[in-house]
Structures are given as C-alpha cells and as structure tokens.
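Please find one structure pasted underneath; my questions will follow.
We call the chains A, B, C, D, E and F, going by the order they appear; numbering starts again at 1 in every chain.
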Amino acid sequence: MPVVKVLTDGIGEVDLTDIAIYRQRDGYRQWERAVRELKSSEVLEMADRSGLRGRGGAGFPTGKKWSFLPAGDKPRYLVCNCDEAEPGTFKDHMLLERAPHLVLEGILLGAYGIGSHHAFIYIRGEFKRGYEIFSRALEEARAAGFVGKNLFGTGYDLEVTIHRGAGAYICGEETALLNSLEGKRGEPRLKPPFPAIAGLYGMPTVVNNVETLAYLVSILRNGPEWFAAVGTERSKGYKIISISGHVRKPGNYEVPLGTTVRELIEIAGGLREGRTLRAVQPGGGSSACIFEEHLDLPYDYESMAKAGSMLGSGAFVVFDDTTDFVKCAFNLVRFFAHESCGQCTPCREGGHWLETVLHRFVEGRGLESDLAMMRRVSSTITGLNLCALGDSIEPFLKSVLQRFPEQFEARVLREVASA
Amino acid sequence: MATSFAGVPIFYYEALASILFFIGLTGAIARRNPLVMLMSIELMFNAANLAFIVFARAWLNNAGQIFAFLVITVAAAEAAIALAIVVVVFRFAQQVDVDEVRVLHG
Amino acid sequence: MIPFWIIAAVLIVSALWTVTARKPIYSVVSLLLNFAALATTYLILHAEFLAVMQIIVYSGAILMLFVFVIALLNSGIAAVVLGRDRVPVAPAAAAALAAVAFVATAIAAAHAPAIAPIATHSPLGAVGRGNVFGSIGDFGQALFLSRLLPFEITALILMVAVVGVVLLAGDLTPYVPTRRRAEQTRRALREAILREGK
Amino acid sequence: MRKHLFNVGAILQGLGITFKYMFVRRPTIEYPSIKKQHAPRFHGLHELRRYADGKERCIGCELCSSACPANAITVIGAENAPDARVSPGERHAASYEIDELRCIFCGLCEEACPTDAIVLTPRFEMADYRRGAFVYSKDRLLVPSDAGVGTPPDERPNGIPADLGRVAEVKSTMNVDRGYSATHRGEVLKTERKGLAG
Amino acid sequence: MLIVLVKSAILLLVVLTTFAYAMLFERKIMGWMQLRPGPNRVGPWGLLQPAADAAKLILKEDLTPKTADPLIYRLAPFISLLTAFAVYAIVPFGANGDGSPWAIGDVNAGILFLMAISSIGVYGISLGGWASGSKFPLLGAVRGTAQMISYELSMSLSFVGVLMLAGTTSLTGIVNAQERVWFFIPQALGFIIYVITAVAETNRTPFDLVEAETELVGGFHTEYSGLRFGSFFIAEYVNMLTVSCIASLLFLGGWNAPFGLTMIPGILWFVLKVGAFMFFYMWLRATLPRFRYDRLMTFGWKVLLPIATLNLVATAAWVALH
Amino acid sequence: MSSAPATSDLVNLTIDGVPVQVRKGTLLVEAAKLIKQEIPVYCYHTKLGPAGLCRVCLVEVEGMPKLQIGCNTPVAEGMVVRTRGESVEKGRAMVLELLLVNHPLDCPICDKGGECDLQDYAMAYGRGSSDLADPKTSKPKAVDLGPTIVLDEERCVVCQRCVRFDDLIAGERQLVLKDRGHRDMIATATGDPYRHNFTGNVTELCPVGALTSKTYRFKSRPWDLKRTETSCTQCSVGCRMNVDVRRETVLRTMSVEGDDAVSDWWLCDRGRYNVGYVDAPGRITQPLLRRDGTFVQIGWDDAFAIWAKAIRAALDARGPESIAALGGGRLTNEEAYLLARSMRELGAKNIDWRTGRQRQATPGSSGGTLLDLERAGAIVTVGESPAQLAPVMDLRVRKAVRHGARYIRVASHEAPPTMRHHDVPDVAAAAAAIPANVTRVALIWDGVDSTLARAAFAALERDGRTLLTYISGEQGNARGAEAMGVLPFSGPGYHVADTGRDFDGICADALAGKIDVLSIFGANPALNAADGARVRGALQAVGFLVVTELFMTETAKMATLVLPAAGAFEKSGSIVNLAGDVLPTAAALAPPGGVLSDFEIVAGLARALEIALPDTEEIERATIAAAAALPVGIAFGDERFAGTAKEPALGDGLRLRVTHHAFAGGGTLANDERIATLRPLPEAAFSRADAERLGIRTGDYVDLVGPGGTMHDLLAEVRESLAPGEVVTIAGLADAPANALAERSRVRVENVRHADALVEA
C-alpha cells in the first residue's frame, strides 16, 4: 500500500496544533533556516526544482507561477487559498485544523520565496473551527517570533493576515478571492491582467493552495530532489487524496502521484459487498467521470486529462451501481448554478437553465428534446466564461449523459395524461 | 304707293331706319372695341335692310327683299372675315384695341 | 300703330344699348333683341322669309360668331384692356346733323307724289300663307328666276369669304397625329443624342 | 381615323349588347333593407378587444401606428397604475385613435399587433355627416368590458400577457344586442336575402 | 286667342310631364342596361322620382358665382327654356279629318320657323357658359357654339331633301306628303344624317362635349344650381322631345299609320314614334362613349356635310328628273 | 490625436482577412470598428472599458484554442482574427439564447423596443428560436430606483454598465449588483434612492430596457422621434446633445456619441431632464403689457411700437445714458451680437450680461480645453467647485482624479465630493498641496470673487508648470456674451469700446432715477443677483422695464412689458462654452405660436427704431470672428470685470454663504414639472459646532434673518465639512430666494422648529 505520511505525518497521532509539539518535530526549523541562511531566490529555485504543482486544482507549476512576478519595488503579496469548497474535497480543512503550524510555516516560506512582506490566508467562512485553531497558531507563532518585524534579527519583516470568507464557492477562484479579500463582491476579475501583475490591491500577488504551501516545508527539509523523485514524469511528489463515495473507508490518504485508480479504491477499503463500480469522479465536482476501463490508469495530472477528466483538487468520488446519476448531475449542476457569481451570461443563465431542466428530470418530467438541448447547451457554454466555474458545469453532466443515457431517458415523460 | 301700312305712315319706318343707321354709325366711329364696331356696322346693315323691306312693301316689289337677302348674305361673309381678322390680330398682338394695333400704318 | 311704337322703342333702345354697352357680350345680347324686333318688323312688312332668315342667319349665325369670338378671346391669357372710347366731336356733330338731314329727307320723300307700284306676280296676303308676297314661294321664284345673277355673285362672294376666313384664322401647319408627333420627337432626340455621342 | 368613324358595325354591336342587358337579371342588393353577409375576414371597421377578464389587450406599443401605411393610427402610451391595470403589463394605450377616413382597411395594423388587440371586423357601416366623427377613439373602438375573448393574461406580478403573439380563436366579438351589426360568422341575419345576393 | 291660350296651357302641361317621365325613363333604361335597378326609392318603381327631383331643385340654394356676369348668367337659362318651348307653337301632333292640324299654330314656313327657333336655342348654352365666369363653363360654351354651328348646317341640308320631296315647308304638308311612303325610305341618308345631327344638336351622348362631366365637370352649367340648372335640364329634355317630334314628322310619317293600321288613332302612332325615337336616344347614351372634340368637328365638317350635300344633290336630281 | 503615433507603437493584424494597423494596446472591438466590422457588445463600452461579462463579443483568434472575447483582447503583432465563422456564430448564438432565457419578450411594452441592442443582436446573430420549455423567471418590474430611474429587473442582462458607470465615471458608487447567480440584480448599495447629478446616463448605457427614465417612460417609440443634434445651454459646458422631439414636445435628450471634446459622451441630469418646460402650461405666448397694474395681452406690432417709443422718448429726453440692456447668458452668439450692436447703434453703452453672481466668464489667455483638464496633475478650485455649476465639467475632474490627479478645494463650504480631495483653508495652502512633480495644474474658479482668483493665479503660477484656467460659470453662454460684446467696456471680439455702466452701475443709476428704459433679455436678476433687495429696488425704479422670458419669472413680474421668447430648443445659433469651443445649437422644434426668438425680438425692436441692421451674412461673419477671437489682454480675475460690490460690514452672527444646486433656479427649472422631485428643498447647512451651539439638528426648520430680509422655512442640515461661523444656503430657489439677504452678510438664526416637534404637531 503506497500510503505515505509527509504532510499527514503525525496527524491523528499527536496534537500538532500545539506549537511546542510541532517544534519538537522540527517545526519552524526550515523557516528559521530559510530566513537566516537562504536567499528568497534560493527558496524559489528549490520550489521550482522540486516540480511542485499547484494542489488547488489547476496544477500549475508553483515555481513558474512565482517567477511571473515582475521585478520592481512594488509591494508583493502572498495569498494562501484556504477556501476549499470543491464538492468532495476536504484535505485543506484537515490540514488547517490538524496541522495549522505546518500550514503557517508553508505560508511563511512561500512569502519569503517571493519576497513578500505580507501574506494573507483566506479561510473559508464555514471553517470556523479551523479559523480558530489557525488564529491561535498564528498568535503562538507570533509570540514565538516567527511572524512579525525583524524576524530572527535579520531585518526581514513578514506579517500574516487571516481573512475569513463568507461562504462563496467562487471565492476559491483566485481573482474572486482577491476581490473578496479587498472587501469587494466576490466575483472573478477579468484577466488579463493576471494577479502576478496586478493582484491584491493592484499589486503583484501569488495565490497558492494550502497543500502546495505546506509541501514547501518538506521540500526545504528534504531537498527538492527528494520530492521530484516521486511520482510520474510530469506529476511529481505526493498528494493528499480525499476519497469519498461508495467505498468502505472514505478519508484523506496521502499517496505519491501515479498510484493507480484501482489502488486508490483499495486504499479506501474497496467497494461495498456485492457492488460493482460504475464511475469515479477523480477531481472534484467539476471533473468528468472515469469508468472501469480507466481503473489501471495512474492517478496523475496527465493520465486523468487523457481519460477526459482531471485530477483537480484530488477529490476522488466513487460511484457504485446503486447510484442515480440523474440526481447526481442535478445535485452538481444545482451547486454550480447556485454558486455562480452571476457576472457572465453563459454560467449565470446556462447553469440555471440546466438546473431547471434537470430538476424536471429528477421529478420524472423530462422532455425528449431536453437531452439534446442539455448536451448542446452544456457543451457550448464551456469555454465561453470568464472563470472556470462556468466550465465546471459540463464535464460530469456530459460524461454521465454519455455513459448512462438510459437513466435519463427513463425520466422522460412520454405521455401526457390528457386532462 | 301706299303711304302707310296698318296706319303707320311709311316715313315713320324711314325715320326709324335712319335713326338706327346713325346709331350704328356713331357706334362704329366712337367705339374702339372692334367687336362692338362690327356690331355697329351690322346695325347699319340692318337699318338699310329695313329701308329696303319697307320700300319693297311699299312698291309690293320683292326686289327690295332680294336685295336685303343679299345684304344679309354678304353681311355674314363680312362678319366672318372681320371676326377672323380680330382673332388673328388678338393672337398676334394680344390685344384688340383698334387704336393700338397700327402695324399696317406704314 | 301701337305695335309699331313698341317695336320702334325696342329697336332704338336696343340699338343704343348695343353701341354703348361696356361689355361686348351685352352688345350681343341687345343686338339679339334688336334683331328679334327687326324680324317682327319684317313680318309686319310681309317679308316672311326674310324675317326667318334674319333670325337664322343674323341671330343664329353671325351673332353666334360674335359670342364665339368673345368667348374665345376671353379664354385667352391676357385680359383685354381697352382705352377710353373716342368721342370725336366733329364727326359726332356731323353725324347728328346728317341724321337730322336724313330724317328730313325721308319725311320730304314721303310727301312726294306716289309712284305706281311695280307689282310682282304674288298677291299681298296674310303672313304665314303660301304663295303670297314675301312668302317662301314668292321669294324663291324671284331669287332663282329673275334675280339669279346677283344670287350667284353673292354665292361667289361667300365662297371667297370662306376661303379667306380659313386662310386667316385657320391653323395652316399640317396636321400630325399626336402619336406620330411623339415618334418624330423621339427620333429627333435620338439622333441628337447620337450626334452628341460622336 | 376613317376606321373609327365608319365603324358602324361596332356601334351596332354595342347597341345590341346594351339592349340585351336590359333583360339580364340585376345583381343589385337592396342595401339598407337587405344586408350582404361579408366574409368573416372582411376588412371593415376596427375594434379593440379585451381579454376574457376584461383587461384591454392593447398595450399601447404603437406598432400598429408604425405599420399603418396611411398614418391613420395615433397611439399615446402611458404607464399602468400597478393596482388598477388597464391592460396586462406596464403599458397601456392612454389614447388610441383611428382616422377611418384615412384608413385604407389593409389590415396591417392587425398583422402588426402583438396582442391581437386591434382587429378589423366585418362591420362597414360608418357613414356620418362630420369628418370629425370618423376619428374613432377608444370609447368607440373598445368592445364592451364583458366581451373579452381568449385566455386571461398570466397573473404574474406585472407579467406580460400569456398569449402574447398568439392568434386568438374568434375574430370579432360584435353582438347584435349591443348595437353592432350582426356580421360575424354564425350570426343570423336580420333580413332575408333576395335576388342575386343569395 | 283664348283657344290658343288653352291649347298652349295643355301643351305645356303635356310637354312638362313628358319631360319629367322621359328623365325617369332614361334613368331607368340606363339602369337596366347597366345591370342596375335605376331610381326605385321614391314612390312605386320610383315613379315619384321626378317630383322628388323637382322639389330638390326648387329647394336648392341658387348660387351666382362672384366672377359671373349676373345679368347674362340669369338670362341664359331663360333663353334655353324659352326657345325649347317656343318650338311647340307650330308642331302638329295629328290632324283632323279636314286636314287641319292639331297644333297651336300652323305656319306655312313651319320648318324654317323651327330652324330659326332652334338656332336661337344655342344662346342659352353659350351665354350661360360665358357668363359663369369660370374655366369649365367657358370651355363648354365654346365647344357648344362650335358644335351647334357645325351640325346645324348638316341638319338643315337633311331637311332640304325632305322639303324637296314634299314640295312644301309646312309641317302638316310634309306629314300629308308621307301618306304613301315615309320619307325615311327615300331619304334614308338624310334620315341618318338627321339622327346624328339631332343627337349633336341636343348635346346628348356621344356628342355631349358641352357638358362632358368627366372633362368639364358639367360644362356650361357647372356653376348653375337649383332652378336655373333645372331650366337647362328641362330645356335639354324638351329639345330631345322636339327633335323626336321632328324626326317623326319629317321622316317617320307623323301620325300616319303604317301598314294600313288606321284603326289606331294617329296621335297614338305619333306618340309611339316619338317614344321610340326617345328610347333610341337613351339607348345611345347607355352604349356609346363620348367623341373627342377634334373628331367631332372633323366628322361634322368633313363627313357629314359632304354626305348631306351629296344627298341634297341626289335628291334634287331625282326630283328634277321626275 | 495631436501627433501621429510612432511606427513602433503600431501593430499589424488581420481582421476578417483585412489587414489593419492600430496602436498597441487597442482592443479588438475598437480595432474592428476601423474596418467597419461590428463586434456585438453589451458590457463593453468605449468609455467604460471591458468587463468581459456578457461574452457576446466572441471572436476567433488563430492559435488560441478557445473563442476569445473581443472586448478584452488587445491586439498583437501578426494576430489573425475572425469575427465571423461557424464557431463564432455558434458561440454568439448560444450567448444570445442564454441572454433571452430569462429575458421577457415584452418588447412591445418596453421603451427600448426599436433601439435595443438585445433586439438588434438577437436578430443579427441569434438563433431565432430557443429550446427553452420552462417558464421564465419572474422578477419585479418597475422598481423605483430613485427620482429619475426605474429598473425592470426582468429585462436586465447584468452587463453592469450602470454599475461601472457609477463607479468609474460618476465615482458615486451608489449602484451595485446584489445577490448572486441568476438572481443577481442592480440596486443601490444602501437601499437609498439612486440620486446624483448623472443618473440619467445609465438609461443610455443600458443596452436593454432595464433602466428607463421616469420622464420618458412609455412616452413614445424611438422610431417616432425626430432627432436634432444641438448643444446644451443649461450651463457653460455646452455638451453636445441629441434632442428627441415628438408631437412638438421634447421627450428626451441623449448624449452624442463621439463628443470627446466637450461632454465626453455624458450628460448631467439637469441638461438631460430639464426639458419639460418647452410645453409647460405656464409658458408666455403673447406679449404682455402692464396697464393699470395688471398685464394685458397685446400684439407684437404694438409691443415693438410701444417699446421703441419709450426708447426714443428716453433718448430724446436724456440721451443714451438713460437706456440700458441686460442679459446674454441665455442668448446665442448671434442674438448677443445683435443686441450689443443694436445698443451701440443707439449710442447706448449700458449693457452687461452679468446679472447674477458671476463676474467673469473668459478665463483669459491661459484658458485650457476640457481635455486638458482631464490630463492635469492637480486641480485647484477657488470659489465654488464645478460639481453643481457645471456638472459635466465635474466629471472631467473626477476622471482626472481617477487618473491620479490631486483635487484641492480652497476654503470650500460645499459638501465633500465622493472622490479623493484635499480641502485647504487658503490659496497658499493649495499651492503647497500640489505635488512637486506635477507640471500641469488646472485652476477652476466660479467667476465670483475676482480678488481670490487673482491671488490663486499668482500663487499657483510657477516656472516649468502649465497653469490652465477655467471659469465654471452659472450662465450657459456667458463666455459667448462676453465675446459678442455684451459688456460695458468691450465690443465684439473683446475690442475695447467706450465704457458704459455695468450691472451694478445700472442698478445704481436706476435707483437714482437715471434709467428710463431697461431691457432685460433672458435674465432673471431679481432672483439670481447677489444683492437681491437692491436689484429689485432698482428694477422697480426703472420707468420702462422690458423682459423677454419664457415664464413669468421674478423679474418678469416687475416688468412693464413682457415679451415671450423662444427657449434653447427652439432656436438655432452658436454658443461659446467655458473652454472657448464654439458650438452650434440647432432648433429641435418650432416655438409655440406667438413666441419669437430673442434674435427676432431684437431685430423687431431695431426695425421699430429704424436702426440699420446688418444682414444675416454679416451677422454670421461677425459672430464667427468674435467667437474665435482670442481673449488677449484679459487677465484671470481681471479687475475690469471685478465690479464694485463691497464686502458687507462685519457684525455678529453667522456668515451667509450661497451655493449653487444644479436643479435650483427660476424660469425653466422652476417651470418643469417633470423634474419637480429633483429640485432641492430650501436648506441651510451649519457646521457641527454652530449647530450644537444653536441647538439645531438635521431636519429642523429655521429662519435666517439678516440685514434687509429674511429667508423663511429652511431645512437645517448639519454638515461636518463646514467651518464654524458659516451658514450655507442654496441660490436661485424661487421658494426661498437666497438673495433676500446679501451674500456674505451676517445672519441670525431664528424660529428654530424641531423636526420631532413638527411631527407631533
């Protein structure tokens, strides 16, 4: 079983929220080392060499992202995205609550890596407990001298600000998050300009996921080569997978990238007795399903994309033969329609339209023409949107429509009772 | 020769004819409108005719009547030509004032 | 006697009106009245045929011609403006004098010794009967038998008059039907355009 | 020309035809006593219809006015009072006038109307003595408030009519008892038909 | 004298009634020929229509245009009316056993009298048209004058043939001369010429250029209204009646009965012939369109007049040879 | 525009096969316009920039996998763009279908029907049908947003143009998008009525019929309107505007697209909405002569004759000194020229346009254009800011501030603006507040206090710095009137002429009984002059007072002869705006019967006086020459313009300040019932210290008593920005004329009635 403990090391064993315990386990050592011994460009280079890719969903190489920041004397900001709201994902939640100091250290390292003096963490509004834990952790760290002015006597200042969201899925999108952070309506910004050029308050900004930043600690500790040695050719390192659905032991499992899908199901205890697998949604609510024929694919960014889906944030949802995919599709579409910010037309109107239609299907009042319409509308609105939310509506719906049309056709109202 | 018809002395008719003639004459001299001048001339013709007929009656000889008839005929011809001239002159000069139309004065 | 005076009065008044009327049409109307009275006089004087002729030719044709010309000129563009009428003192006085002299002569002549009438073959009879003095038959015989030459000469004169009138007032440009004229114009235009084209 | 002048045969032929027609039965209808039944789609006097619930169909959109080739229609729109709507939706015709003297009864207004409010009825008797009487305003164009047809409008708050743009089933709502002439399909005519009119 | 007055009164009544119903009759006939019922609202079969028309004309406002010459404008209808009725002073309607005619006055030169009176009749039209002081009446008047002068010539020439055959100018004499043969047989050409010129003289279709409502909006009487218009109207129909009478007298044997049907009174025959001629008038109106003005003149001068002259010469030759 | 761009700034690309060369950074939407190729847009607006929301401006860019939005894609060298084609059309059709999914098809009801972008694009690019089977969502219609705007939520396509206008252009940030997803909707952030000086622009920006003007709602259909392009004459900016007329009524006014130089495509609410006076019932339509204390209607011939007779009598009795003429701000250049010329033909020199508080309109040779103002690095206002005097100029200021300019107000007593600003106590502080690196400074003066203007000019003038001056006056064509010679000391084209008496002098003469005939053309000094009591006295002292007016204004009521004059929409001519631009005005409709334009009135008087008038061509030529003349030799705050008004004596009490309000005024503003809700209430603003001292709270009613008069029933407002010792009221309100009290005099507060007490009573 390829389950590893890198980030999850100690979680469930000791109380990592206690700074003393965390420091016993080499906590903040890397942070002190970085500030004292390394230049920020060295941190950046290590991140780059490790091949670490963004764990938030898009999988963009972290080092490359940092390198987009323009040179100049403008203030730079690092924002840690802890607005984990993708259906099926619960890894950041866990890290925030169980290993807040690890997260904080990651943030500090990231901020140091880009030469920022002010880092922000945007915590999802619903993570009340996580917020409290992290706040306490931050206070402890501040008291311990890891955050604040003139750190370790080097003259390097770094402030960390916690910001709580107000419960909008869209604020997980980096520009919407920045808007929300600025106090504006949480809706994605028009790109270009990208946040690296004009982000928070118009300044160069990097937005990184909690998990991404947290891995910086172990990368610095073990060296980038250690990290790059694991995984497949382009998807390197480890990843926490949130496995849920029709498995016996759902939960977060940290594995090297490239573990096969079948293995992942096994890790989570396998299917229930007598059930057969129908589909797996490998990357959260916005990813398309993969099916039995994909079971032996390695779970990495490239393979998932090749299979027509994506790895996303690592939310691995398993569906067995008891699944009503119409209801699933409705549930997901309703979620996206509800979470749409309403800025751009395809997402706003298309999502709502599909939700209405799917609701009819759930009630058994579908129309024959709706099937073609859903395919047409969902596929056309993809790619027309300002942010990825609108594009998230299609994949799951499309894949189940294609794979299980009989489930939809069964809900088509064939005869209207002549009233 | 009868000196009176139905109690009217013949010279009454003569006088009547001469009065009509001179009325016509005056008109022909005094008016400038060629139409009225022509009508005055017709008046003079008729006065003469009246005299002819009176004398024809007096002598019971219809030579006078014949003469009057010829006069009527010629008067018709004369009127036709004169009116034609008037029309032509009007077309030509846009006026019919005989004093103003003096193209032929030489 | 009374009919005579009435007729005389009508004749003189209408004649005066003819001469003095401002509008020529009034002259025509009064002259019409004059002619009617004159025709009545002719009937009294046993000139039945002439009375009818007076109406047909004078009233019906000659005067009609006047009306026609008046209407024609009236329909022209320009209003006919005439100056004041002439009242030449000397000729008027002379005319008045002549009139007096003429009347005097007439009265004198009336008192001259009577001359025997040169009777024609028709008797004097009621007007309206056939073959009496002045009736159509009587008149026709005189005209076509004894007075044929003057009648023919008059006919000649009439012929000349007709030719004259046609020459004077007629439009002597050759008549071209509208359609053909339009065709000619078109052809001329086309030729002109072709010439211009060169 | 000669051809025309001497075409006696044609004249005789024509005389024959006219003579023959003296004995042909005449198609004339004794109009005031016998009224012709017009086709239901005959283009006659306009009427403004209502929905079954008594609301005016007209929303004052002026499309009829702009469609009218004779500029006979004048519409002035106004906003509905939210608590006492004249028509469904926000807008109604505060003034709706048709000058029937200008109208050419082409029916384009009917075509243009999005709510089937204006229709041309088969009613054609609208003679009057004053020109002003031919300017029909809403008081004469609107059908009685209980003469509505079609489905009542959607009761959504401020909603647009449910049958906006759909053709309703009955063309005219004219009713004999209400003083309109009985001209629409299914009505019994008051007088019998006679002669060729039948 | 009294007898003459009584005769005149009776005749006036008869002529006026005839006029009234001739008008109704015309409208009826035209209606039938045009597939219409004709007047049928006033009285049974519209028989009271003439009375209604008369009432209307009497009650109508009598207008004199500002531009009109008031005196002549008012005089013209009377001239028309007067001349129209004056003809009946000499028209005979039948004959007693002794040969004396049923007429107000019998004149030897009857036909000449007729021509004289009818030549005066045109004054009504030309003076009325001129005096209205507007364009269309003036045009109507000018046309009317020219047309009347032109056609009167041919008409007179058509008379002359009859006169030569009858050897008299008395109308009674002419009728009597037709006891054996009606003149429309020997004078067929003359009769045709007469029919044509008679239509022209009374300004009826197809020679109604004087009125020509489509071009001249009524021609000479455009401006007239009320009774003055009525006068013209009456004159026109009385003239129609007159020329019908003349046709009957000159060409159709007057009151002579055809085919020896003498049991029917002569007056009835006369009325029948006049009626037939009147019907022909109306028939023509219902059939033929209007002449163009230049064709009318061309026809009158270049066709009718030569033919009439030819007819005259031929008749003269025939008479001379017999 | 001033210089041709360097070649390096240019980018070559191909749009639909057509090679285009445009400036670097140009967006594809704009580039496509160059080749007349339309890319449909809803959220994009040239003046608002891209937002990328509506997604209808899709284009295909070679080398890019997805369709790009044309509104936010900058051009790049060698780019190959297709604005047509299957995928583009499919994408656009989809977007339009989605836009229509919840859009009610009540186009026949909708005011926008006929000029609606959604209609047009749906016809041009849409599918023509939809697979929608479910009922559309129902949302509130006719939502009252504020005194001017009504929102139809169903029709909204959430392009956010209005929101962005309010944020980026007006800077008010009142409108926001509330709620999320398909439920999101425009609303004011606070829930208060949407109210500022530029609200009307959102109705124009709205691509659908969601935002409509209350004044135009259901009044007409666009195709029935007759459109005339003219210039607004409400204030001295002279914005180009389209006037839409139907049935001899001005139904609406619209801004002119492409008018970058003057209005920057916007209109203020006053210019947009104050049009209902054209057919107001109070309009005078016949000359009125005062006879035995009441006005009787007379004919124009009589009016001219009586007027001319009075002038002749005055000239004969006491010479040209005894006649005077006032007014010019409402007149066009041609009218002003004719007036000045006619007066000088008579030998009269007593002629002036300055009947209000403004002293000067021509800023002198340092005057800048409105575009210059936009580019200034610092903007200093002395006197009143243009916010209420010349609102569209205020938009330029806002634009400059958004671009980083520093906005400095000297001793301002107005409410603080919603933009970043610095209030400084005096001119010296203003000079100090200007950042050192700023080379372009704009100085805006309200035209009232010449001394202050001179001081400001002197303080701000510095080597290496461009100082641009502006006078944001209260009268529409004041600068034109000055150029045309409606001044006692200068003739057309600023040529110095014999000096007559200015407005103050005329008033003084009138009070001394020296003026026999005073003719006032389109001015209302009784309401607008600073020292109202004195001016009213002077007007009453004039033997023969003639007023040309549209309405029975305060001045007209005092006249002997009132002549009905045509309004701004009813005459053609030209005006000169505050930046010196000569702008044409065009008649959009004919004046009511019996009403003449001032031009005709002056010409009629001249004819009655038998003065030789120049012919039309000469007037035209002279007007153009005078309007184009450079104001050489006129200083900013020129002493010749300064006037003779004295500072009132010091005393106890609060110092009275008078401010303008865009909707406060007599005449056309007072007689337009359509804008009744926009007119301000008579108010008095106190500083917090004074209010506490006097026990006044916001909402109370107070009276102000000063030397010579009282202002009754003013609504009190406590304004934080005010310095203690001042009370501020609004000028030009007919209900409570501020000039009942002399400006800057000391006033007492009396008769304070508390709001809660009033409610109880």
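By our rule, a contact is a pair of C-beta atoms (placed from the backbone, for glycine too) under 8 Å apart; a residue touches a chain by one contact, two chains touch by 3 or more.
Predicted, not measured: the structure shown is a model, and the values here were computed from it.
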Mutual neighbours - chains that touch chain B and chain C alike: none
Between chain C and chain F, the fewest steps along chains that touch one another: 3
Interchain contact steps from chain A to chain B (minimum; 1 if touching): 5
Centroid comparison with chain C (C-alpha atoms), farthest chain: A
Chain closest to the middle [Cα centroid of all protein chains]: D
Chains most often in contact, by C-beta pairs: B-C
Centroid-based (C-alpha) most distant chain relative to chain B: A
Distance between the centres, which are taken as Cα means, of chain F and chain A, whole angstrom: 53
Chain A and chain C, separation of their C-alpha mean positions in angstrom: 127
Rounded Å distance, chain C centre to chain E centre (Cα mean): 26
Distance from chain E to chain B - Cα centre to Cα centre, in angstrom: 33
Touch-based graph of the chains, sorted into line, ring, star, complete or other: line
Complete list of chain pairs which touch one another: A-F, B-C, C-E, D-E, D-F
Contacting residues of chain D [partner chain F, same complex]: 59-63, 65-66, 77-79, 82, 89-91, 114-115, 156-160, 164-165
Residues of chain B defined as touching chain C within the complex: 1-3, 5-16, 18-27, 29-33, 35-36, 38-40, 42-43, 46, 49-50, 53-54, 56-63, 65-66, 68-70, 72-81, 83-88, 90, 94-97, 99-100
Chain E-touching residues of chain D, taken from the complex the two chains share: 1, 4-5, 11, 14-15, 17-19, 21-24, 26-28
Chain E-touching residues of chain C, taken from the complex the two chains share: 23, 25-26, 29, 32, 48-49, 52, 55-56, 59-61, 64-65, 67-68, 70-72, 74-75, 128-130, 135-136
Chain E residues touching chain C - in the complex, by the definition given at the top: 69, 71-72, 75, 105, 107-109, 112-113, 115-117, 119-120, 122-123, 126-127, 129-131, 138-139, 141-142, 145-146, 148-149, 152, 168-170
